[in-house]
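You will see subunit A twice below: alongside subunit B first, and alongside subunit C after that.
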Partner chain A sequence: MLAEIGFGVLVFTFFLTLYTLGAALYGEWKRLDAVVESARQAMLLTWPLLTLSALTLIYLLVNNSYQVSFVYEVTSRSMPAYLKATALWGGQAGSLVFWAWLMSAFTSLVALRKWERDRELLPWVLVVAAVTLAFFLSLIVFFENPFLRYWQTAEGDIIRAVFQPARTLPFIPSDGRGLNPLLRHPGMIIHPPMLYLGFVSFVIPYAFAMAALITNRSDDRWIHLTRRWTLWAWLFLSLGLVLGGRWAYDVLGWGGYWAWDPVEIAAFMPWLTGTAFLHSVMIQEKRGMFKQWNMILIILTYALVIFGTFLTRSGVLSSVHAFAQSAIGPMFFGFIALTFFSSVGLLIYRWESLKADVEIKSLFSRESLFLFNNLLFMSVLVVCFWGVLFPLLSELFTNQKVTVGPPFYERATAPLFAALMFLMGAAPLSTWGSASARTIGRALWKPAVAAALVTVVLFFTYSRNGIALIGFFLIALVLFVTLYEFWRAVRARRKAHRENIFSAFWNLFGRNRRRYGGYVVHISMMLMAIGILGIELFQKETQGTLALHQSLVLDGYRLEYRDIARFPAPDSREVTRAVVNVYQGERYLGQLYPRIDYYPEAKQNMTIPGQRPTLRDDLYVLLVDWEPASASGATFKVYVNPLVNWLWLGSLLFFVGILIAAWPERERRTES
Partner chain B sequence: MRPKFIIGGFLILAAVIYLIVSSTQASAEYFMTVDEVHAEGENAIGKTLRVSGAVIGDTIQYNPQTLTLTFEVAHVTGDNSEIEAQGGLAEVLHQAVTDPTRSRLKVIYNGVKPDLLTNEAQAIMTGRLEADGVFYAEELLLKCPTRYEEAVPEQAG
Partner chain C sequence: MKSRSFLLFIVVFALTLLGPVEAFAQGSAPSDDDVNRIAKELYCPVCENTPLDVCPTQACAEWREQIRLMLAEGKTDAEIKQYFVDYYGARVLAEPPRQGFNWLAYLVPPVLIAFGIFVLARTLKGWAKHDITESHGGESEPQAEVDEYVRRLEEELHKRQ
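== the complex of A and B ==
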């Protein structure tokens, strides 16, 4: 009964979305306000409807309704209720429902607020959002229906259908297959929704951009309206990436967080164009330049968002993220091609009216540095795109499948990231309009000397690795420049407003949220860079099989195997937990408990590391194997990951920075 | 000022092309089946290869003291549609292991023995073929196709 309701609501919502699309187009064409208004009302209705459908599915998931095939595939009786509910995005069909639900929520939010003020653009925003929503709903309704149930025919075959086919009986499996144990982790519960929030919120700026093109508004109105949407989208996408990394670090047990897996890259690519977009819209707002370029960036971001959803969900590339093969691949390609080429066509049609207000003058001006920043982000994108496409191309043309692994991406992107860091240091000190190498050099030399001093100290005290030293120099440069910018602004405020240092600092953020929030993000990126350099360049590892009371030694740490115990956990896991004493020299530091969780229903082990995080490094111990009744004892793998915790600290600061930048600004008319 | 920007753009473009081409050459991994490795012979030595094969359970030897793992894999096709046509991955792996005429490849891996290394598992190994005809794997991925495959539940018994 419930499954039919859930499915019926989805079908109805699909037609309602088509109505929104048709009515908005027709109403705008014939200038019929009432018809456009009805399109808006229809769109507002999609959100409660999709909420109902999603809740129905969640109800089925939580209540062990294994006659529904989606429920059978992603849950099992032994899973706790919160995991059953969040299994909504643990499989393909459910995650598409979740995507559609977010899309309708965001579109409704846009259509509810300030309709009158933005009456000119909003009908077209509805059109673009309705096209996207209709596409996802059609995938769910026609290809990936989460409400299919099992039926048994007279011959004994099991088939899947929503409504009972003739001469069949309902078939109810006694238990489900359960969520892949790897996905049963807090990080995995919030990682996919964060990523999806980021993906879907980028549709809104795209929709406004298309609306601006259609209505031929060449000003920055659409950018102004979607500035905060873009920041939130970027925040969610970034958090999604970081959480995915943290999950990999905690769960996959190879001592890393990022493997340049095609699916990771698929989520990274819209982040790259989105980051470039965030920067270059500022130039359009301040200088009236880059109008065509911003359109290109947002069109690319939208295409990459859909492409990213497609890659994560289609199984076209093999990876830890890929679900089973599915029929929706060609649909996705068709949709991406359709939206991409029609957007580009529209952009070409309006090309002339998007000419810049002023010409770019100097190679060292701030707008020029932003342009180079954009080109570098695009270059990283091209590298990533090549890495993903290369296996497909080589197979097509040479019949020999060749792939490129992480070394390709590391080698090809490292110089580009270094150049981006240099720009991050130089750009805040540059000036708009005309500037010369000399003016920027005069501003940059002091922080450069300070950064060089830091590098020399690190050379004698920490490492003589050339790549690391270049990296640390750039990090120090950016940190000095950014802190100097803060200090300069605080000093100016203290003089002008007679404020003490703390309130001056606080008011700074209030005065120009985006700039100083952005600087906080820059600092957080540098902290993350410290962590990335540390683990990439200085990771140490060892492994060994130990009898009780034997020790392993790595990088000044000594790990002594003390004990092992095996016990059942409440959710039917079998836990094997080792006790390891950690010493540094003779000093006792504490105990670590690496363990193996065995999931009988999935017949799968999950290896949970014991971690000892400090700012210097992260001691990361895995219990990989143990033999109950032999003298050989237990096998451990140990990593020392230097500086990696700066990566996680940086991501917290990153969150703060975006909150500062995206926090609603009080509408003030006093300053102009 | 325009020429400067055009030159700057070209410099970036040239740098990116150089980075892509040189990095591709430096880190390309060639996908091969066991048959293809044998057919390439001398040519395959030294390149980074990615070889997939069916693990033959009887050949697995593991020394936990030295962490040396040796086993043999049997040839399986790399073509997905062919695998489907022959009745799915599990069936293809089973045939490969039980067919004594299939070509085989000896593999040596240094490290912890993976849980999933069992008879009729699919091993995907990245490493190099040396002149002694042994494949030295640096990375070892395993797939057990029986686990998550069935889309339709087994009938209640």
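== the complex of A and C ==
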């Protein structure tokens, strides 16, 4: 009964979304306010309806309703309730329901707030959002239905259908297959919703951009209205990427956080265009420039959001042939083509009206530097896009499968990221409108000298690796420039308002949240860069099979194999846990407990590392799961990952920075 | 001159993508680390995007043993890699081999980026020309709009010094 209700609600919501689309279009065409209002009410209704449908599915998941095939595929009796509930996004059909639910929630939020004020744009925002929502609902209703149930025919065959077919009996498996063990990590429970939140939030600025094009509003109203949406979208997408990296580091057991896997790159690409957009809109707001370029960026971001979902959901990555056989692959492809080419067509149609009021006068002005920043982000995007696409093209045209792996991406993107870091150092010192090489040079030389001194010290004390030294120089440059900017502003506030250093610092954020939040993000990026440089350039590893009390030595650490135990865990895992004593020279540092968790229902191992994190490095010890592990011999793989914990520290600061930037600016209103 | 620097950019970028030439060494009694040194440069022929040194499947365990055997036989790293390519195809390598259709993997990004730089340079040049024409036309050049907040900060600093 519940499955029928859940499915019925989905079908009704799909038609309601089509009604929203039709009514908004017709109402705008005929200038019928009542019809447009009815479209808005219909859209507002989609959210409670999809909430009901999603809650129905969660109820089925939590209550072991294994007749429902989705529940059977992603849960099992031994899973705790919270994992059963979050298994909603553990499989394809459920994750599409979650996508649609978020989409309707965000669109409802937009439709609820300030409808009268933005009456000109909002009906068209509804149209664009309804097109996207209707597409995802059509995928769920026609291709990936999470409410299909198992039925047994008289011949003993098992078939799937929502409603009971004639001459069949319900078939209820006694237990489910259970969620993929890799997805049971806390990072993986939060990571997909964060990515989806980021993806879906970017649909809103896109919808406003399209509404501006349709209504021929060439001003930056749409940017003002979606500024905060964009920041939140960027925050969630960044959170999703970082949590994904942390999950990989903790669970996948290969001593790293980023493998340049196509699935990772699928989420990284909209982040690149989104980051370029975030910088570029500032120029439109300040100088009325780059209106066409901002449209291109938001169209690209939307296309890449759908493309990212397509890459991970269509099976195209395993093989182009799997894509052709997948039900939703061609649908996604068609939708991306339709929305991309119609958006670009609309932009071309409005091209002239979006010409800038002002033009760039200096190569060294802040807008120029932002333009170079955009070029670099686009260049990284080109490398990523081509790297993901090339294996598919190779298979299609030459029938030869190839891998485009980390060496390709790292060599191509490293100089681009270095250039981006340099710009991060120079841009805050330039001014809008006009600036010369001389004025920037005058402001830059002191931080550059300080960064050079840091580099010299590192040369004598830490490393003589040329690439690392260039990296550390750029990091130090950005940090000094940013701290100098803070110091300059705090000093001015102290003198102007007679504030102490702490209140001056605090009030600075209140005065211009976006600027100083942005600077905090820059600092956090540099902390992350320290971690990335450390693990990429200085990672060390060794592997060996040890009997009890034997040791492995790596980079000054000695690891002594002390004990091993095998025991069942409450959630049906079979745990094999080793005890390893860690020494640095003769100094005892503590114990680590690398383990292998075996999930019998999935017949799968997970290798959980024993970690000793410090700011200097991360000692990361794995019990290798493909070798037998016993007291007479267990194989350990040990990594020393220098500086990697700066990456996670930087990530925390990064979120603080975005929160500051996205927070409403109350003080500005009171001061002005 | 300009087209030459452009060509130079493409060549330099393509060379960056191509990377360094590998040099291999091997020992007579292969350790796990010797095996992993080669295995981490090969990709599992069955799983998607998984390097051989960390792939937990039984097949990969056997392939690692194969590497160990070949090292013990005195095969070089290059010979071992070639063995896997011959048996399982180019997908076992971390990058497409530099031949035939695969050259596109290395050439398309620098060409597209160079095109981006070209478009940007032309746009900036066009703006600069436009600006010169305007100022020659007798119109007074609008005063540069400096960042308001920085300007005020500087002003306050100077007043107090």
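Simple rule for what comes next: the second predicted complex is superposed on the first by the 646 of 672 C-alpha atoms of A that agree within 3 Å, B and C clash if a C-alpha of one lies under 4 Å from a C-alpha of the other, contacts with A are read in each partner's own complex, and residues count from 1 in each chain.
Simple rule for what comes next: contacts are C-beta pairs under 8 Å (C-beta built on N, C-alpha and C of every residue); 3 or more make two chains touch, one makes a residue touch a chain.
Keep in mind that what you see is a predicted model, and the values were worked out from it rather than measured.
When the two complexes are overlaid on their common chain A, residue A:Lys114 makes contact with neither subunit B nor subunit C.
Once chain A of one complex is fitted onto chain A of the other, the partner contacts of A:Thr431 are limited to subunit C, with no touch recorded for subunit B. Shared-chain residue A:Lys355: touches no atom of subunit B or subunit C. Of the two partner chains, subunit B and subunit C are each touched by A:Trp386.
In the superposition on chain A, A:Arg491 makes contact with subunit C only, not with subunit B. Of the two partner chains, both subunit B and subunit C are touched by A:Gly405. Looking at the shared chain after the overlay, A:Thr635 reaches both subunit B and subunit C.
Within the superposed three-chain model, A:Thr542 lies in touch with subunit C and out of touch with subunit B [touch as defined at top].
Once the two complexes are laid over each other on the shared chain, residue contacts for A:Gly156 go to subunit B alone; subunit C is not touched. Subunit A residues 359-361, 363, 368, 371-372, 375, 379, 382-383, 386, 390-391, 400-405, 407-408, 411-412, 415, 543-545, 605, 625, 635 lie at the interface with subunit B in one structure and with subunit C in the other.
On subunit C, the positions that touch subunit A within their shared complex are 13, 16-17, 19, 31-33, 36, 43, 48-49, 51, 53-54, 56, 58, 60-61, 89-97, 100-102, 104-105, 108-109, 112-113, 116-117, 120, 124, 127-128, 130-131, 144-147, 149-150, 152-153, 156-157, 160. Across the complex, subunit A meets subunit B through its residues 66, 69, 72-73, 150, 152, 156, 158, 160, 171-174, 177, 180, 324, 359-363, 368, 371-372, 375-376, 379, 382-383, 386, 390-391, 400-405, 407-409, 411-412, 415-416, 543-545, 602-605, 624-625, 632, 635, 637. Within the complex, the subunit A residues that touch subunit C are 252-254, 259, 261-262, 286-287, 317-318, 359-361, 363, 366, 368, 371-372, 375, 378-379, 382-383, 386-387, 390-391, 393-394, 397-398, 400-408, 411-412, 415, 431-434, 488-489, 491-492, 495-496, 511-512, 515, 541-545, 605, 607, 625-626, 635. Per the touch definition, subunit B reaches subunit A in the complex via residues 1, 4-5, 8-9, 12, 15-16, 19-20, 22-24, 26-31, 50, 64-65, 67, 78, 111-113, 115, 126, 147-148, 151-153, 155-156.
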